[in-house]
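Shared between the two complexes below is subunit A, which pairs with subunit B and subunit C, respectively.
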Partner chain A sequence: MRLAASSDMVIAAILIVAMVVIGLINPAFWSLDNLFSLLKSNVVIGIMALAVLLVMLSGGIDVSFTAFAVAGMYLTVRTMVDIGYDGVVLPLLAATGIGAALGLVNALIVHKLRMIPLIVTLGTGAVVRGLVLGLVGTSIVNINKMPRELIAFGRSDILTMTNAGGTTFGLTAMLPIYLGLALVLHLVLTRTLIGRSVYAYGASPEAAKRVGFPIGRTLVFVYVTAGALAGLAGILQSAMIWQANPRDFLGWELDVIAAVVLGGASIFGGRGTVLGTVLGVFILVMIKNSLILMGIETTWQRVVVGGMLIAATALTALRDRKALV
Partner chain B sequence: MTTETTPAKPAPQKTETKRNWFDTNLQLAVVCVLIFVVMALLNPRFLTPYNFQSMGFFAPELGILAIAMMIAMLTGGIDLSVVAIANLAGIAAGLWFQKAGTGGIGMVVGGVAIALIAGTLAGLFNGLVIAKLRVTPILATLGSGQVFTGLAVVLTGGPAIVGFPQAWNAIGNAKLAGVPVPLVIFAVICVATWALLARTPFGLNLMLIGTNPKAAVFAGLRRSRMILYSYAFTGFLAAIAGILLSARTNAAKSDYGASYLLQAVLIAVLGGTNPAGGKGSVLGVALALISLVLLSSGFQMMRVSLHMIDFIWGAFLILVIALNAWRNRKSEG
Partner chain C sequence: MAPLIELRGITKRFGGVTALDDVSLRIEPGEIHCLAGENGSGKSTIIKVISGVYTPDQGEILIDGTAVGALSPPLSIAHGIQVIYQDFSLFPTLTVAENIVLNSLLKDGRRAINWRVARRDAIEVLERLGVQLDPSATVETLPTSGRQIVAIARAVLADARLIIMDEPTTALTGKEVDNLFRIVRDLQYHGIAVLFVSHKMREMLEISERLTVFRNGRKVAEGPISEFDEPAITRAMTGRDLTARRYDWVPTRGMPRLELRSLTVPGEIYDINLALMPGEVVGVSGLIGSGRTELALALFGMRPGYRGEIWLDGKPAHLQTVQQAITEGIAYVPEDRLSEGLFLPRSIQDNAIAGSIPGYSRGGLLDFRRARADTLDMFKAMQIAAPGTDAAVSTLSGGNQQRVVIGRWLMTGARVLILNGPTVGVDVGSKAQIHAIIHGLARDKGLAVLMISDDLPELVQNCNRVVHMQQGRLTGELSGDALTEDAVGDKLRFRG
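So, the complex of A and B:
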């Protein structure tokens, strides 16, 4: 536990250094306006990162979550448009449920067929995306058709302020949802038996089995929760950008996985914390969004993210090697 | 250590793997023929020479990527950057033609050399990160794939590079005695890779490392060097796929062939490659490629949407996983 805490401290230190450097290059970084919009960009990718963290803690890797997010979002919004329903709570529940059901499929395949999660989720991701695009449709539900209440929910703020220029800006109300989910997941992972079983299984499946943890239940918990989080992230995204695009989230896998790895989670399972992941997400989003502020062309974005992923994994590999000695 | 029982053990084990190999490939061959017959019955146009020729032009690039994926899987790794490397290699050659001009066969040879060098260097980079920095192959190649794609974006500024010389396009579009050139190249690569894996110490070492990494180290195999070489070879193969892709389409772009990644993994796994390492055959991959290409070409003729074909690929992958699991359980029990 102390090891994990010190690891989180290192990540926090990196974050602060990065913030200071970016702020020195361009003081506009510190404007509340910029910080609020950064926090807003954290929400969807952050919720997805919680899902990926959970799978990674169990020793797997998930690349199907973007497809599940699309399914949760697009099926829900299209149904709402078709039957003329408007609202907030039911759609959120529906998208979460769709994600959870799809996650159950992952869990069953990983558990029953004992196949590497990466390959399973490559397959299920392609299946779900193919079905959504092939059977449901490829057209974007744009702002004219989007359910009003969902949009209103997505644009609501918990705090509004006025610029010197007179324009108003706010802190999105989605942020407490994200942080609340993070807190709940943190408590579940550290305080409950099922949470501890995820760490145990990730660190050593065989040992966890022999100690008597119900492995099947652990894997179902991991993948169903991950799927549910992905579905919820999907519908929140559509509420926040006021459209439902079935081709959304293409290529997000890397950003999210990079953020989780940046946050100190080990791909071999058993190591990683919610706090680290939240910090990792913030670092990734901040650096990506600040490239323009720092005067770096956006064409370099992918090189930077890929480089960060390699550097972060190399560092954690070094750390893990030391820890083992 | 019970020394008296060990001498007897290797012999049956060997015939066991041999039989397993035979079983897998026989099964694949049967699936292949089955798909062929069903598609021929469903589509009257399926059996036309034109259809087979067009498959012969576009299947090889995918097949080469699948063989590259299999090489990475032999040591228990995976290479998620193959498509990025292929695109980067094509772009490197395209930039060379823009700078050096397109005239003369020498220019084309130079372009091929540059593409192959770019791919091998990219593969070496993967190998270094995986073998020396000990980063897991999944994350290393996920990250390096982004770096390579990012470099491709930076180099091209976004749009596709066009204007390859005619001799370059011939690599992807010409026919040699009626056989598409890409198919000839693919056949050569299959034979060469098979020979490399089955007839050289390098191939044997790779298989042993994948079967039991610890034992391989204790047996004195230079694990990290072998892994380095295997990823360099993977990058080299990906570059060849990149050459074929850019030659066939007369263009090179940072985001071509995005769907090839899943398909390459699928073909490798379907071809009997064990993603955990130690098992894989070129013949299996080739048979898997043929079955899937027949399948998707047949579905395309029936005007099934491309998205549904993606779905079919994914479903096929899961089905194969299920079948393998079932077979393994049977042989265990």
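So, the complex of A and C:
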């Protein structure tokens, strides 16, 4: 507990330093307008990061979540368009359910065949992406066809303000959804036995088995929850950008995994916190955002994020080794 | 009173192999019972039968005098049986408190965890055991002895009536063993039975009240500990008499094989003067931290900053790297052969030639024919029990693995052999054979052997001289009639 807490403090300190530095370079950073838009960019990647955190805590690495997000989003929106349904709650549940069902497939393969999660999710991710494109379609559902209520939901704000120029801007209503999910996951991970079983299994699968944890249940919990979060993140994305693109989220694995590692989770499992991950996501989004403000090309952004991933992994590895002495 | 647990006529087969053949075992409430046997005697199998991991093919299990059908792990735990495996099965990234309470929470079928209560329970158990441990430290930061205490505390909190400890003293120092014994007696005082699974004679005689001995899947002896002495236990375990012979070395004239002159590694060892003649086996006693391992590392080229001189066969040697040390004919068998000395998944041959690859190079390619021939010679000389030189080292017993490590060094043409804990985790029969091999190497091939060990009988039986180290310095030497276990033990205890 103490170690985790101190780890979160370090990340928070890094975040504050980074914010001060970025604010000095670009004073516009501190404008509410910019901060609100930053927070908005946290939502989808943040929910995905929660999914990845969960898998990483259990000692695995998930790269299928982008495909599951696409499946949840595209299947739901296409069906809505095809049958002419409009609404919010049902589509959200549908996308979440699709993600959860796909997550169950991951869980069963990992558990029954005792395969390495990275390979399993690499495979299921590719299969799901391929099936969506091959069986459902490759065309983008654009704003003109997107269900109205879904767009309205994605546009809704919890706070609206007007800046000096007279244009209005707001804080997205998706943010409380993300933070609410984070809070629930935090409570589940720290206060319940199923949550602790994830840490235990990640720390030592063999010991978890011997102590009598129901390993199958733990893995189902991990991958179904991760899949559900991915599916939900997918449909929220389409609601927020007003289109459903079956080729969306390509390359997001890098950003999301980097954010989780930046948040202090160990790729070896058993170590990491929701708070750290939320902070890690914010740092990553903020740095990418400042690179855009500085006019740096997207290709170079990937270089920066890749470098951050390696640096953060090296730092956490050093920390873990130190703890072992 | 009915026995706590009684196994009757248990037979367990794996494929064509009979791991347990009609064995019985009886443990009374609150007794300290020792289960002895060499590797492969069926000790681990019977533990897994008791803990419900294996279902026996025949036989019955009675708990409190009532026959229970097949046990499963949760069922076994519900009956108050807790196993502490050699690796302790703890969660390294979680705290001491959580590791202690998780078991009980699971056992009680709880869904939520109340941290305040958890912490309180953990502290309570630790206090009951009379140990000081920070409940909020993560387990990975603890030394082995601390982890063991966490494992014991966990078992106690889960209402254990029988705690099975698998080789509990393997990685402990003498003082830590004493502390463990104190805790075990305390458990007994609280009515908890303890089944010690061990192959260490001294411990069995010191701690246990009753003893059961297994050999080749059969029970060969059972009774109160007062009916046994060391030779009797050894005979039961191995099926033969092992007469320990002292190593006699006939002094020779001439050049010392290895001579250290004022060898110093700042912060570790100071002013070591020591000469080893060909054929000598010199023991090094001393507590962990006395500089004994550092001395070995300095000789093996791993302390390049050393001062003083190292002479080999009358010539000064410069041992700045491991490669130089090997070229000079120095061989080192580390304490932890599993992590430092062997490539477990690889074959005996791959492991054997790993120390002398350059010697088998022919135009950049490996000379397989010669490597195979040499490996086979070594395989025979070391009497390794394996189907052949292609067998993976991970499939060998501890004693045979150790032979591969020692044998590898012979293939490098070693003149000086440094052994650090040569028979840790090796069973009695294998131990005697390894000792005989070491004697043969010293006597017949003229190697000088430096043997570092915690095992006093091992030092006394195998060395013609034992030097004592303390705080990085040589502080004494025993040889001839003065070399007795008690004398070496006194030197060790001198500083407690």
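Just so it is clear, the second predicted complex is superposed on the first by the 318 of 325 C-alpha atoms of A that agree within 3 Å, B and C clash if a C-alpha of one lies under 4 Å from a C-alpha of the other, contacts with A are read in each partner's own complex, and residues count from 1 in each chain.
As a convention for this text, a residue touches a chain if its C-beta (ideal position, glycine included) is under 8 Å from a C-beta of that chain, and two chains touch if they have at least 3 such contacts.
Worth saying up front: this structure is predicted, and the values here are computed from it rather than measured.
J.: So, A:Val120: does it touch subunit B (first), subunit C (second), both, or neither?
T.: Touch status of A:Val120: first partner only.
J.: Contacts for A:Gly165 in the overlay, against subunit B (first) and subunit C (second): which applies, first, second, both or neither?
T.: neither
J.: Touching A:Phe213 in the superposition: subunit B (first), subunit C (second), both, neither?
T.: second
J.: So in the superposed three-chain picture, is A:Ala203 touching just subunit B, just subunit C, both, or none of them (first/second/both/neither)?
T.: In the superposed model, A:Ala203 contacts subunit C only, not subunit B.
J.: Any idea whether subunit B or subunit C touches more of subunit A?
T.: After superposition, B is the partner touching more of subunit A.
J.: After lining up the shared chain so the two structures overlap, which partner does A:Leu193 touch, if you call subunit B first and subunit C second: first, second, both or neither?
T.: second
J.: Of the two partner chains, subunit B (first) and subunit C (second), which one does A:Gly134 touch, if any: first, second, both, or neither?
T.: In the superposition, A:Gly134 touches subunit B alone.
J.: In their complex, what parts of subunit A are in touch with subunit B?
T.: Of all residues in subunit A, those touching subunit B are 61, 109, 112-116, 118-120, 122-131, 133-135, 138, 253-254, 257-258, 261, 267-268, 299-310, 313-314, 317-318, 321.
J.: Considering only the defined contacts, which subunit C positions touch subunit A in the complex?
T.: It comes out as residues 73-74, 77, 83, 85, 87-95, 98, 102-103, 105-107, 110-113, 115, 136-138, 140-141.
J.: Once bound in the complex, which stretches of subunit B touch subunit A?
T.: 78, 129, 133-136, 138-140, 142-151, 153-154, 157-158, 262, 265-266, 269, 275-276, 305, 307-315, 317-318, 321-322, 324-325
J.: Give the list of subunit A residues in touch with subunit C in this complex.
T.: 1-3, 190-194, 196, 199-200, 202-204, 206-208, 210-213, 266, 269-271, 323-325
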